[in-house]
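In the two complexes below, chain A is the common chain; its partner is chain B in one and chain C in the other.
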Partner chain A sequence: MRNKMVLFEVVRTALTIAIALLLGYLILIFATDDPNTAFKWFIYGPISRLRRFVELLNRATPLIFTGLAVSIVFQAEIFNIGAEGQLFFGAVAATFAALYFPQIPFLHVIIVLIFAMAAGGLWAAVPAYMKAKWNASELVSSLMMNYVAFYLGLYIINYHMRDVNAGFLVSYKFPRTAWLPRLLRRYNLYPGIFIALGFAILVWFFLYRTKYGYELRMVGKNKEFARFSGIKVENVIIYSQIISGMVAGLAGAVEIMGLYKRFVWQMTPGYGFDGIIVALLARNNPLAVIPAAFLVAYMRTGALIMGRMTGIAPEIVMMLQAIIILLITAEAFLSFWKKRIIEKAAMEQEEKK
Partner chain B sequence: MNELVHGILSPQFFYSILRVTTPILFAALAALLSDVAGSTNIGIEGMMLMSAFWGVMVSAWTGSAWIGLLAGVTSSVLLSLALAYFYLNLKTDLVLAGIAFNIFSSGATVFLLYLFTGDKGSSSSLKSYVLPKIDIPLIKDIPVVGDILSGHHVLTYIAFISVFVVQYFIYKTPLGLRLRAVGENPDAAQSVGISVKKIRYISMLLSGLMAGFGGAFLSMGYVSWFARDMTNGRGFIGLAAQALGGHSAFGSMWGSLLFGLAEAASYTLQAIRIPSEFTNMLPFIFTIIALAIYARSKLLQIKKIKEEEKKA
Partner chain C sequence: MKAIEMIDIVKVYPNGIVANKGVNFEVEEGEIHALVGENGAGKTTLMKILFGIEQPTSGEIRIFEKEVHIHSPHDAIAKGIGMVHQHFMLVPSFTVAENIVLGMEPKKGFSIDMDEAVKIVEEASKRYGLEVPPTERVLDLPVGIKQRIEILKALVRGAKILILDEPTAVLTPQETEELFVALKNLAKKGMTIIFISHKLKEVKEISDRVTVLRDGKTMGTFLTKDVSEEDISRLMVGRDVELVIERPEPKPGKIVLEVKNLNYFREDGVQVLKNVSFALREGEILGVAGVEGNGQRELVEILTGLRFGAIGSVRLLGEEILGYDAYTLRRKKIAHIPEDRVEKGAALKASIAENLISDRYYKEPFSKRLLLFPRKVIEYAKKAIKDFSIKTDSPLTPVGMLSGGNMQKVVVAREFTAGAKLLIADQPTRGIDVGSTEFVRKELIKVRDEGVAVLLVSADLQEILQLSDRIIVMYKGEIVGYFDKNEGLTEEELGYYMLGVKRHDENKIKEAFAL
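And now, the complex of A and B:
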């Protein structure tokens, strides 16, 4: 039966994606005279050139981090949706460390990453503490923390680290020792994707192979039961969010160290909310986060390439993502089939007796 | 410093508090109307955005601000009914569905804006219309008070009148009673023959209505154009304001006014060269602190009741 349930989830996910794509096509018919060309670029774009495929890899990188971050808190049934703020503030902290710490090769990169993790963890700790101590809604407080991170971050960058000679609102360029170097000479591939994959395995190990991960999942499954079996639920509520924040903090830092080599955002990049989609697609499983992030990145890259080629606004992809969230979380979607699997398994068990 | 005192004590400052409170108040009432029936409407942000967009578009096409308002509010209500359908019929998690609707609205408005106007940032190339401001006879002639209370946008008055209407509706009408019954204990309500589903549909619809007014105010009063993501978190702030005020429309109003005060003060502080990033941050920090205080007092209350129960 377990295998059948996995199959059920896989089919359900595939069907959801198919419906979203179909809907995307319908919108295109509505929006342009030549929907086929546009759709072709959307589907085929990311694999049409190696340069575009590298673009896809780089776009998947932050989504893996935020997808992991959201998966951790969702596994504990905590609705902390502050990954956006955590990654933004993580990137600001990374900028600080990159600009002001001694430029020792290799070590500098590690220090910058640690700073980003610390800042993300710190940012997540506020709603975590408020939830554990006073039972304040982490949903609202983490949302507010996103805005605080955004404005405070912009203040720090624009008033203290701004490169006035750049012509844009950006920070000073990082010293070379804080770069994640290019791996290919002709293509802008940086090691971010490998760091992200490493963290996916780390998070999987944490959740499924350590005591802390086990406690976290128990709290998510049944809080009261966890409490009765001696788990300190308040501690779990706090550390699950802090660990999640640390992972989210990396999302921003890794991207700016690899792609831009300076702080460039004047708007939040939106990876935090994308992380929610990734986590939902992956059913909060850290290893499944990898293909889920690739899928979302693929859609995003495809939409951008379509936009470049045909002039259709790539924001169309946001509508498709919304559809995916809705269908995946809608319990009633295909529920008749799930019911049949359960019923059949129950009947078989009955017969065995 | 003098400048600051002068700025804060001027009638214009109080006038601006009411002005910036308006969309937050609509959002808070939207949050209240869904919350009394036991559903958290995270989608208010997206509903406001949709309403702001269609308000501008339809007013530009028809040349009438009122038809624009109608279109904006209708779009918001339709969105709230769709959200209710996913929540009540398809059993989608309400918070995640709300987030999905926000993402959808954010994308759809930019996509359509580009399709209709060729511009992705704002609708400033369109000639759209704004709803009128109203001078209140008699009151407008009183010094200071007249400057503060009169000459507001029509929707500002509707917002504050709605506070009384919503309060009356929730606590003095049969339908309001049912809403509260469903919110308090859906199973008990069901057992006495109230259709929980129907009541929650109605509460979502009313919530969408309020959010629609709030969104229309932003693009047809606060400013006279639509800009991408122009709600800028006001839907969420409305949720926080309602959380502060509990299940009372007046509570939601005071909560909203607090945020309005913080926002208006941030503009005044900006005038004396405090960085805008810093002043923009204020209302959000304020929310977090207020939320902590509120949650703590609620926790103490529960503890107190439990202790009294033990004694008894």
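And now, the complex of A and C:
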């Protein structure tokens, strides 16, 4: 019975993706005279060359981090959607640490990462504290904090760390000791993806193998039950958001340390909101975040490659993404089938008695 | 003529529970037909199907010998079926008349014609012999009257068939008597009444025929006068039930809990606890009787650290604990079986194993420093499942998939093994089957004999009388009666105190505290 339900979810997800792709193809028919070529690049593009595959890996990296961050708070049934602000502020703090800390090899990287985590955690702590203390909706306050992070961050970068010789609005280049090094000579592969995978396991371990993870999950499953059992619900509300913020803070730092070696964003990169999508697809399971982040990254990469090869606007992928999320989160989609599985299993069990 | 025929009804819920497994149910027009069975036998599901709240997976329904499909309660009402739920569906701030005409208000221009509404209510009230005060607000009325309003609501909408879901569960014995007179009257006027209950004494008293359900199947329909209470209970449970639980003499020890002059004002300014004082020793059970909503819930929540702002004194083994939260009180060895197992007692989406350790997950062997050891948790859960005979195939099953009785066993398994000095059991057997009830009651006696102080809050008078060594009765937030032993005490006598008709004098009530 439990196996059948897992199978059901897998089939449902696969079917959802197939339907989205089919619709995507239909849209392409209207957008171009040669939908087949465009579609081919969309599907095949990300795995057609090693360089493109590296592009896919790098795109999945921040999504894994933010997907994990969002999964943590969602497991506690807390709707802190401030991952965007947390990662932005985390990146700013990382920039500060990269530029002003003594350039000790290896240690410097660690310090920069710690700064990013601390800044992300601090940013998440504000709505957390307001929620625990005054029951302020974390949904609203975390969203507002995104704007504060954005404008405050831009101010700090543009007025204090800006490289005036660069010709555009970016920070000074990081010293080499604060880089995440290239792993392959000809391709832009940096260790970000491995750090992300490591954190996925770490977060899974935290949620399922520590007592704080247990507290967090129980609060998420039934807050009144947790309180009744003697769990300090307010503490959980605070630390779950701080931990989530710390993971989100890494998303920004790792990317700039690996890809750009300086702070480059003049807009928020959007990974925080993508993280919500990833967490939804992964049903808040830290290990499932990995394939979910890859799926989203694959669609993005495929669309960009399609755009480069055929000139079709890559934004088309947003429609596919929306369809997939809609169908996956729609409980009723294929529910008649699920109902039949349950009814059949239940009746079989009856007959066995 | 047959009012209702339900043929071969099967119902599978989305969580896989098969509530009805081919039930057949027939009711004659103008009879009072009792539907009995343990909780979880499928009575409520069957009635929900009849009233259109649930759709059957398969089966046929005929109303007045015409085949019908009932898609919604609206549909059911149109077909002449009315239902009075266990929990009343009334708007407390509206008057009686407003509640009764809700959704079918007589209009005068754009506004409601209140005079006409009152007239409708008065007429119906006279015709059916159900007296209600049409212009009073429902908020201030006693439970018995609220129930009458519910019945009138159904009748005014043209109900020919009335379903009453455990109508006496919330009533005092006196109110029950009044209800029965009214029901017999209605039946004489040609109404068909379905009476759901598991109180067999009442079934014998009121019904013409009785249908017994067990485990989702019909065990048979009988003329009530042909079967005894014992016969019915054997059909319900499938074996002989020990209706009397053996209770050896208590050996009370030192005082565990002292509550003195406890006062509490709810957020809306109503005083729900007035100078409540009592004491409780180890090795005894103190029963708290009372109609629901007379301050028992608040009392329990204050004692367990889930409600704050009370004035007075609560001492646990001499230490003042009033105002401490659940986190602290759990660590001071207070265990709590809550009134509501779904809202508080369990996390339905979490597994049985996870539910069993919610108050001790931070201790060895389940965890050490930061780490949690799931294997230890599962090992422990397997043992608890066996010890408390919880029916499931795996400790990883979500609690929400269990039946009510098994869910309660999970709660009870946790609280009974908490190593508590004080156990507060709030409605510990409400809504669970006879077998589980028997089990929980025996366990309560067992922990008492092991020296735990037990505070038993229950609306079930039989339970109170069976288990308690001493009894206090609460009415409107006060202790109005105190019985230092319950020999010779009857449900009727307790009922008078619960209704506020009788009360003990001050000195007698003070004895509850002075041990």
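To be clear about the criterion, the second predicted complex is superposed on the first by the 347 of 353 C-alpha atoms of A that agree within 3 Å, B and C clash if a C-alpha of one lies under 4 Å from a C-alpha of the other, contacts with A are read in each partner's own complex, and residues count from 1 in each chain.
The rule we apply is simple: a residue touches a chain if its C-beta (ideal position, glycine included) is under 8 Å from a C-beta of that chain, and two chains touch if they have at least 3 such contacts.
Note that this is a predicted model, so its numbers are computed, not measured.
After superposition onto chain A, the modelled positions of chain B and chain C overlap sterically.
Touch criterion met: A:144 reaches chain B, while chain C stays clear of it. Between chain B and chain C, it is B that contacts the larger number of residues in chain A.
Within the superposed three-chain model, A:225 lies in touch with chain C and out of touch with chain B [touch as defined at top]. Using the contact criterion defined above for the overlaid structures, shared-chain residue A:59 touches neither chain B nor chain C, since it reaches no partner.
In the superposed model, A:79 lies in contact with chain B only, and not with chain C. In the superposition on chain A, A:343 makes contact with chain C only, not with chain B.
Of the two partner chains placed by superposition, only chain C is touched by A:208; chain B is not. Contacts from chain B toward chain A in the complex involve residues 40, 42, 86, 89-93, 95-97, 99-101, 103-104, 106-108, 110-111, 114-115, 120, 233, 236, 239-240, 243, 275, 277-278, 280-281, 284-285, 287-288, 291-292, 294-296, 298-299.
Put simply, chain C touches chain A in their complex at residues 12, 14-18, 21, 57, 304, 306, 325-327, 329-331, 336, 338, 343-350, 354, 358-359, 361-362, 366-367, 370-372, 374. Chain A contributes residues 1, 208-215, 217-218, 221-222, 224-232, 339, 342-343, 345-347, 349-350 to its touches with chain C in the complex.
Contact residues on chain A toward chain B in their complex (touch as defined above): 27, 31, 79, 81, 126, 130, 134-137, 139-141, 143-145, 147-148, 151-152, 154-155, 158-159, 273, 276, 280, 313, 315-319, 321-323, 325-326, 329-333, 335.
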